[in-house]
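Each of the two complexes below includes chain A, the first together with chain B, the second together with chain C.
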Partner chain A sequence: MFYRQSGIYHTRYEATRRLWPIPFERWQVGVILLLVLAAPFYLSALYLQSYLLPWLIWSAATLSLTLLMGVAGQLHFGYAAVMAIGAYSAIHLVRFGLPFEFAFLGAGLIAALIGCLFGAAALRVKGLYLVMATLAMQYLVDWLIINVPAISGGAHATLQAPSARILFFSLENDLVRYYFALAWAVLLTVFLLNVKRTSFGRALVAIRDKDYAASVIGVNPFRYKLLAFFTSSFLGGMSGAVLAFCFYRAVTPEQFSFNVSTQLVAMVLVGGLGSVIGAFLGAGFVLLAPMILTNIVAMLSDFGWLNVSVNLLSHLPLMIYGALILGFLLAEPLGLAKIYDNIRNYFLVWPFKHSRR
Partner chain B sequence: MRPDDLPPALPWRPHDWRKEDHLLKVLADNATHYPTQVAMRERDRGIWQEYTWREYHEHVLAFAAGLESYGVRPFEIVQIIGDNRPALYFSMVALGALRAIASPAYPDATPDEIALLAEREDVRCAIVEDQEQVDKLLQIEKERGERYRLVIYDDPRGLAGKMPERFVAFTTVLERGRERLQFEPTLAGDLQQRPSAHDVAVLLHSSGTTGVPKGVPLKHGHVLSAVRNAAQAGYFIEGEQHFAYLPMAWVGDYIFSVGAAFVLRFAVNIPERQETVMRDLREIAPTMFLSSPRAWSGMITRIQVGMSESTLLKRKLYDIFMPYATSLERRRLGGHEPSLVERLWRWLGDFLIYGPIRDQLGLARVQRAYTAGEAIGEDDFLFLRALGVPLRQFYGQTENTALCAAQAADDVKLHTVGRPFPGVEVKIADSGEILVRGDNVFDGYYDNPQASAEALEDGWLHTGDAGYFEEDGSLVVLGRLSEVAYTASGERYVATYIENRIKFSQYVKDVCVIGENRPYLTAIVCIDLEAVGHWAEEHGVAYTSYADLSQKPEVYDLVAGVIAHVNGVLPPGQRIRRFVNLHKPFDPDDGEVTRTRKLRRKVIYERYAPILEALYDPARHEIDFQATITYETGETGVIARLLRLYDVAPAQGE
Partner chain C sequence: MDFLFLLELFINGLNTGLMYSLVALGITMIYKASGVPNLAQGAMVMIAGYLLWATIALLGLPLWIAIPFVVVLMFLFGLAIERWLLRRMVGQPVLMIVMLTLGLEILLRGVGPGVFDAAPKRLDLGLGLAPLVVADVFINRAYLIGAISAGILILLAAAFFRTRLGTKLRAVSDDHVASWAVGISVERAIGISWGIAGVAAVGAGTLWGSVQGVDWTLSALLFPAIAVVILGGIDSLLGVFVGGIIVGVLGSVIPGYLDPIVGGGTRDVVTSVLIVLTILLRPYGIFGREDIERV
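Entry: the complex of A and B
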C-alpha cells in the first residue's frame, strides 16, 4: 500500500546498489531526519536532554558494538570498558590542552589500541571463551580506573568534563551538544549502512559465518578479526567520549561498570544482531522502556488504580520490562529489527501474501 | 521483389504521400532534434541498456552500410527471426535504408514454416536472434539444400566454432558499416536519401487461420498514415513508455515499436526474456500497454489466486473494495455519474487495494491500455477498468495496419470497438461485411493478384468481418462473415458472436445458438458443472449429477438471467427466445465439439434434431430425450431425461 515499486529500473549496476531504492523509504528517512533535526524546536528541554539525547548516544554505541557482534560475530561483554577508555581519554586529553576535535580522535585511537590488545584473544578463543576474555577486560579496566588516581582522580571521585569547543561551538550549549550527538549518530548510521556493502564488511560477515571457511576463500581471519576489534573499539571509544561530553558532563567509574556492558549487549540482541535500525530500536527499548514503564506505573498508582505495596511498586516496572524482553525474544529471536522487517514485508507485498512472479 | 512486382499504388486511390516522408526520415529528424532522448531500453543482465535517438540512428545507418557491403540488394526480402531485440529492430529499419524488405517471422516458428516462407518469397538472407534460430536455419539447409547467402546473428552465445562463413555476427556487420561510414563521408546522407514513402517497409503475414499465411507488404506511407490517424484520435500520445514484448512478426508490434515509436518518440522497452516479462513490466511501468484478451484474463487470474491465498485482513479489504469498484464501474459505463461519497470511497479503495494491485502488476502508470484480437469477457473488462486500468478495445487487421477504430477514452462500451479513426473510412457492405478504406489500407498481397483483387475492391478492403454501426457511430464487430447466418425472417446474425457473449458467464460452459432458416433464435445450453455446482451449494440447491443439476428450476432461472442479460445488448431480432439446458455437456469424445472446443454444428443439429423441433413448437414445454454418450473405452451409453423448454421473458420494449 505504501511501498510502490513499479517504475524502479536501473541503467547502471552502481544504481542497483543504492540504499533506498523505494521512493517511500526515501520519504521515511527524510521525514525522520527532519523530525530529529527539528526536535529542539518542538520538544521540551526535559524530553530532549533526558530522552532523545541519550537515545541517540546509546544508539551510536550500539551501532559500534553491533559491528563487532552482529557483523563480525565476535562476542564482547566488556564494551562499557571500551567506552570508559574513550571517555576518560577524551577528558584527560582536553585537560592536557588538546583541542576537542583531536582529543575526540585520540580517545578513539586509545580505545582502539587497548581494545585490540584484548581482541587479540579472539584469535585463539571463540564463543564463551571470548566472552571470558572480554569480561577480563571489563574488570581489568574497571580496576585500573578506580585504583589509578591519575585516571579517575581518586577511588570515588567524579571527573568533570572540561569546557571544550567543537569547531566553533561551545559544548556548554545544550543545542550544540544535541546536534553534535545527532551528527555522530547519523555518521555512524551511514557508516554501518555502507560497511556491509564493502569488501571489508563482506570479509567480516564471512568470518562471522565460519572463520576457517573464510580463510579458505582468502579472507585472512587474523587481520580481519583484529580490524573488527580495532574499528569497533575506535567507534566505541569515540561514542564514550560523546557520552561523557554531551550527556554525563562528569564521569565516575560506576557509569562504565559491568552492568552497562550487559545493557549494551542487551541493546544489540533485543534490537537484532547486525541491524542498523535494530540498534536504534534496541537502544531505545533498553534505555527508554524502564523509564516509561516507571512513569506509567507511578501514574497508575497515583490514580489509585494500582493497590500494591510500595516495595512491589518499585519492582513492578522492572518485572514488566523483563517480561517484555523475554516476550519479544520469544516471539522473534532475531530481535526488534526482524519484527520491523516482518511488518515491512507485510506491506511490501500488499495486498498479496508474498511477492508475485 | 523488384519494383515492378510490388503492388502498384492502386489507380483508384493514388496515395498523396511525399516521397521523402519515410521512416528513415522520421528517425533522422528525431536524432537531430532529440539526440539525447531515450529511444530504446533493453534489459540485459539485470540492468537496462539505453539507446538514445542519436545512437539508434547511428546503429541503423552503420548496420545498413554494413549490410550493403555484405551484399544485401535493394528490394530483396530478408527474414528477421527472433524475440524482440534492439539489434533486430535496428535491422528492420536499416533494411529500409537499403530499400530491402524486412520480413519478420515468429520466433517459435518451426523450421518447416520458415523454409516454406523462405521458398515462397525467395529469401536468401536472414537476420536472427540467437543459436536457437541459427540451428533452425542450419536444419533447413541440411534438409532442403543450401539456401541462405547471408545469415546474421545477434547473440553469439553457443555459436563459437564451426560455422559456415556465410554466418556473421551482428557486431561484425556493424563494425564494417562503421568503417565504411568513416571512409565514405557522403554515404550516411546517401543512405538517408535512398528510400521512398512508396517503398515497402515491412512484409508481414496475415494470421492464416485459413490455409497458408498471405504476405502483406506495408509501405512506409501506410505505416505513417495509420500511426498519424490514430495519434490524431488520441490513441497514443508523444513520448509514451512502450513495452515491446509481443512477437515482432505481429503487425501490432511493428506499428507500435517502430511506426508509432518513431513518429511519437516512444521509449521502447524490451524485456530480458519472455520468462521475465512480468517482472520487467513492473520495473518499467509503461504508460501504454497492449495485450490480448487471453493475457488480460491470465493477469486477472493471477490477482484472484494471489488474493485467495492472502492473509485475512488483506483478503477482507479486497472482498469489500473489489466488488464495490466493479459494480460502480458497471454503473458508470451505464451512464451513472458517481456521487461524492462514491468517489471518496473509490479513492480509499484505490489507496488500499486497486493502486497496490496495479503497482504489483506494473500497470501503475498505464494511461492507455488496449485489448484487441478477439472479444474480451464482460467480467474481465469490468474488473480491469474497476482496478483503474483504463482498458479500451480497438479493431484492425494486418491488411489495414492494425489501426482502424478504437474506443474513445471517455466513451467506452462493452460490445463496440469504438469509432473509426479520422482518415479511415469504414462502411458496412450490403452483405454485412465491414469495409475499410484509407491510406492505412495496404495495396495488395505479395505475389497473389487473385487474393488482392478479392480483398480490395475500389480501394475498399474487405475485412471478412461482419458488423454494424450503432446509432452513435461506433462500430460493432460480430465475427467472421463466413459465420453469418439468416433467420427465416431474413434477420442476419452471427452465432459465434452471441455464443461468446453468453459464454462470458462463468455458469455457461458451452452454448449452441440455433436459428438458421427458423423464425427466431434459440439455444442449447451446457452449464458449467463446477461453477453452477458451487452456486447450487451456496444457494441450498441439492443435486446428484450433471443431468440432475441442469434440470433444476433454479438453474434454469440462473441461465435465463444470463441469456436475458445478453439479450439486452442485442438487436431485437437477434435475441434468444427459448433455450434448453442439455443434460450432458458437449464432449469431444461424442464429436459435438472439436478438441479445441469449437462447436460442430452439423453433429449437434443431427443428434439433437428432436430437441430442435421441440424448441420451435410453441405448444411444447418439455421433451423426453435420450442422449448417447461415449465412454473413454469406446462403449456408448444413454442418459435419458425429461428436458424443460424455457421461454425467456421478452426484454423491455418488445
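Entry: the complex of A and C
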C-alpha cells in the first residue's frame, strides 16, 4: 500500500543503489526530519528536554556502538567508559581554554586512543572472553576517574560543564543544545547508513562473519578490528561529550557506570544488531518504556485500582527493563528493526500477500 | 609486626577467596554442562539470601529447616530458568545468551529488593562477631567458617562428578551429540546443572548474607566470581578452587598495602587487572580447556 513498488523501474545502477529506492520512504524520512526540526515549536519544554533530547543523544551513542557490535561484530560491554572518557575530556579541554569545536574533536580522539586499548583484547580473544575483558576495563576506567581528583574533581564530586559556544551560539540556550544534539544524531545516521556501502564497511562485515575467512581473502583482521574500535570509540566519545554538554550539564562517574554499558548493549539488541532505524527505536524503547510503564502503574495506584507499595514502585523501572530485555531476546531476537521490516514487507505487496511466495 | 600484618591479610584473603569460589561454582557448573556463561549467578545468590531471610523471619522456621527448604526452592528455580529461558536460546550467538542472563540479573535485582524491601536484612547464623585470635593474627570468624563450608561444598561438588549422575553431566559437557547417541538426556542434564547452580547459590547466599547482610549488593559478587572463573579456567572445578584462592589473596594483600596510599577501592582494580591480564596472556585460564577453532 504505502511502500508501493509498482511503477518504479530502475534504468540506471545509481537508482538501485540509492539509500531509499521507494519514494514513500523518502517522504517518510523527510516528514520525520521536519517533525524533529519543528519539535521546539509544538512540544513543551518539558517533553523536549526530558524525553526527545536524551532520546536523540542516546540514539547517537547506540549508533556508534552498533557500528562496533552490529557491523564489525566485536562485543563491547564497557562502552559507557568510552563515553565517560569523551565527556570528561571535552569538559577538561574546554576548561583548559580550547574552543568547544576543537575540544569536541579532541574528546573524540582521546576516547578513540583509549578505546583502542579495549580493542587490544579483541585481537587476542572473541565472544565471551571479549565481553569479560571489556567489562573489566570498564571497572578500571571507572576507578581511574573516581580516584584521580584531577579528572573527576575529587571522589563523589560532580564536574560542572563550563559554558561554551558552538559556532557563535551559546550552549546555555536550550534551543541551541537541542539543535546541536539533533545535528549530531543526523550526522551519525548519515555516516552509518553509508558506511556499509564503503570498502571499510564491507571489510568490517567480513571480519564479523568470520575473521579467519576474511584474512584468507585479504582483509587484515588486525587492522580492521583496531579500526573498528577506533572509529566507534571516536564517535562514542563525541556522543559522550554531547551528552555531558547538552543533557547532563554536570557529570559524575555514576552516570557512566557498568549499568549504563549494559543499557547501551540492551538498546543495540532491542533495536536490532547493526540496524540504523533499530538504534533509534531501541534507544527510545529502552529509555522511555520503563519510565512510561512505571508512570502508568503509579497512576493506577493513585486511582486506587492497584495496591503497589512505594518500595515496589521504585524498583519497578528496573524490573520492567530486565523483563523487556528477556522478552525481546525470547520473542524477537532480531529486535524492533525486524518488526519494522515485517510491517514494511507486509505493506509492500498489500493486498496481494500471496504474491510474495 | 609487618610479617604478622601480611599473614593476617593472607589468611583473611584466603577465606574470602574460598567464599568467592562458592559463587563461581555455579557459573562453572552451568558452563561445563551447557556452555552458557551465567551472568545471573550473583543475582541468584541474592535471591537465595532473600528467600532464606524470608523463611526465617517471615515464616518463622528455624535455620536447620529453612536451609533445606530454600535449597529445594532454588533447585526448582534453576530448573525453571533453564526450561523457560535458556532452552529457547539454544543455537543463538553468545551475545544473545550473555545479554539474556544479564537481563535476568537486572530483573532479579529489581524483584528481590522490590518485593522484600530494599533495606539490608540481617541473616544471623549464630556465629558471633568476636574475631578469632591465633598467635596474634586476627581472623574474621564468620569468614573462616564461611571458607570452611565453601571448601566442603566445593569438595562435595567434585565428589558429585564421580557419581552416576555426575558422570552423565561430564559426558554432556564433553559432547552433546555423542551423549545423545548413547542415550543420555542432554536437556535433563543441563537442567540439573542449573538446579545445582541454584543450590550452590543457596550456600553462597547463606554465607555472604551472614557476613554482609542481604540486599542487592550480593549480586555484585558476580564480578569477583567472573575473575575467579576466568583466572581458573571457566570449565574447571580445580580452577574454581585455585582461582578463588588467588583472587581472594591478591584482593586482600594488595589493597592492604595500596589502599592507604591511593585512597581506597583497589580491590576492584586488582580483580579487573587479573581479568584483563589473564585474557591477554592466557585466555583459557590456568586449568581451562582451549578451544580450537576451524574456519
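Quick notes on this structure:
In the analysis below, the second predicted complex is superposed on the first by the 334 of 357 C-alpha atoms of A that agree within 3 Å, B and C clash if a C-alpha of one lies under 4 Å from a C-alpha of the other, contacts with A are read in each partner's own complex, and residues count from 1 in each chain.
The definition used in the following text is that a contact is a pair of C-beta atoms (placed from the backbone, for glycine too) under 8 Å apart; a residue touches a chain by one contact, two chains touch by 3 or more.
This one's a predicted model, so the numbers in the text were calculated from it and none came from an experiment.
In the superposition on chain A, contact is made by A:T11 with chain B only, not with chain C.
In the superposition on chain A, contact is made by A:A136 with chain C only, not with chain B. By the touch criterion stated above, A:L316 is placed in contact with chain C alone, chain B being left untouched. With both structures placed on the common chain, the touch criterion links A:R223 to neither chain B nor chain C. Of the two partner chains placed around the shared chain by superposition, neither chain B nor chain C is touched by A:R197.
Once chain A of one complex is fitted onto chain A of the other, the partner contacts of A:K353 are limited to chain B, with no touch recorded for chain C. For chain A, the partner that touches more of its residues is C, with chain B and chain C as the two candidates.
With both structures placed on the common chain, the touch criterion links A:Y212 to chain C but leaves chain B unconnected. In the superposition on chain A, no contact is made by A:R26 with either chain B or chain C.
Chain A uses no single residue to touch chain B in one structure and chain C in the other.
Residues 37, 85, 88-89, 92, 94-96, 98-100, 102-111, 113-115, 117-118, 223, 226-227, 230, 234, 262-266, 268-269, 271-273, 275-276, 279-280, 283, 293, 295 of chain C touch chain A in their complex. If you check the complex, the residues on chain A that touch chain C are 69, 75, 120-121, 124-125, 127-129, 131-133, 135-137, 139-140, 143, 146-147, 155, 210, 212-213, 216, 262, 265-266, 269, 273, 311-312, 314-326, 329-330, 333.
For chain B in complex with chain A, the touching residues are 41, 43, 46-50, 278-279, 282-285, 302, 306-307, 309-311, 314, 317-318, 351-353, 355-365.
Contact residues on chain A toward chain B in their complex (touch as defined above): 1, 4-13, 15-16, 346, 349-353, 356-357.
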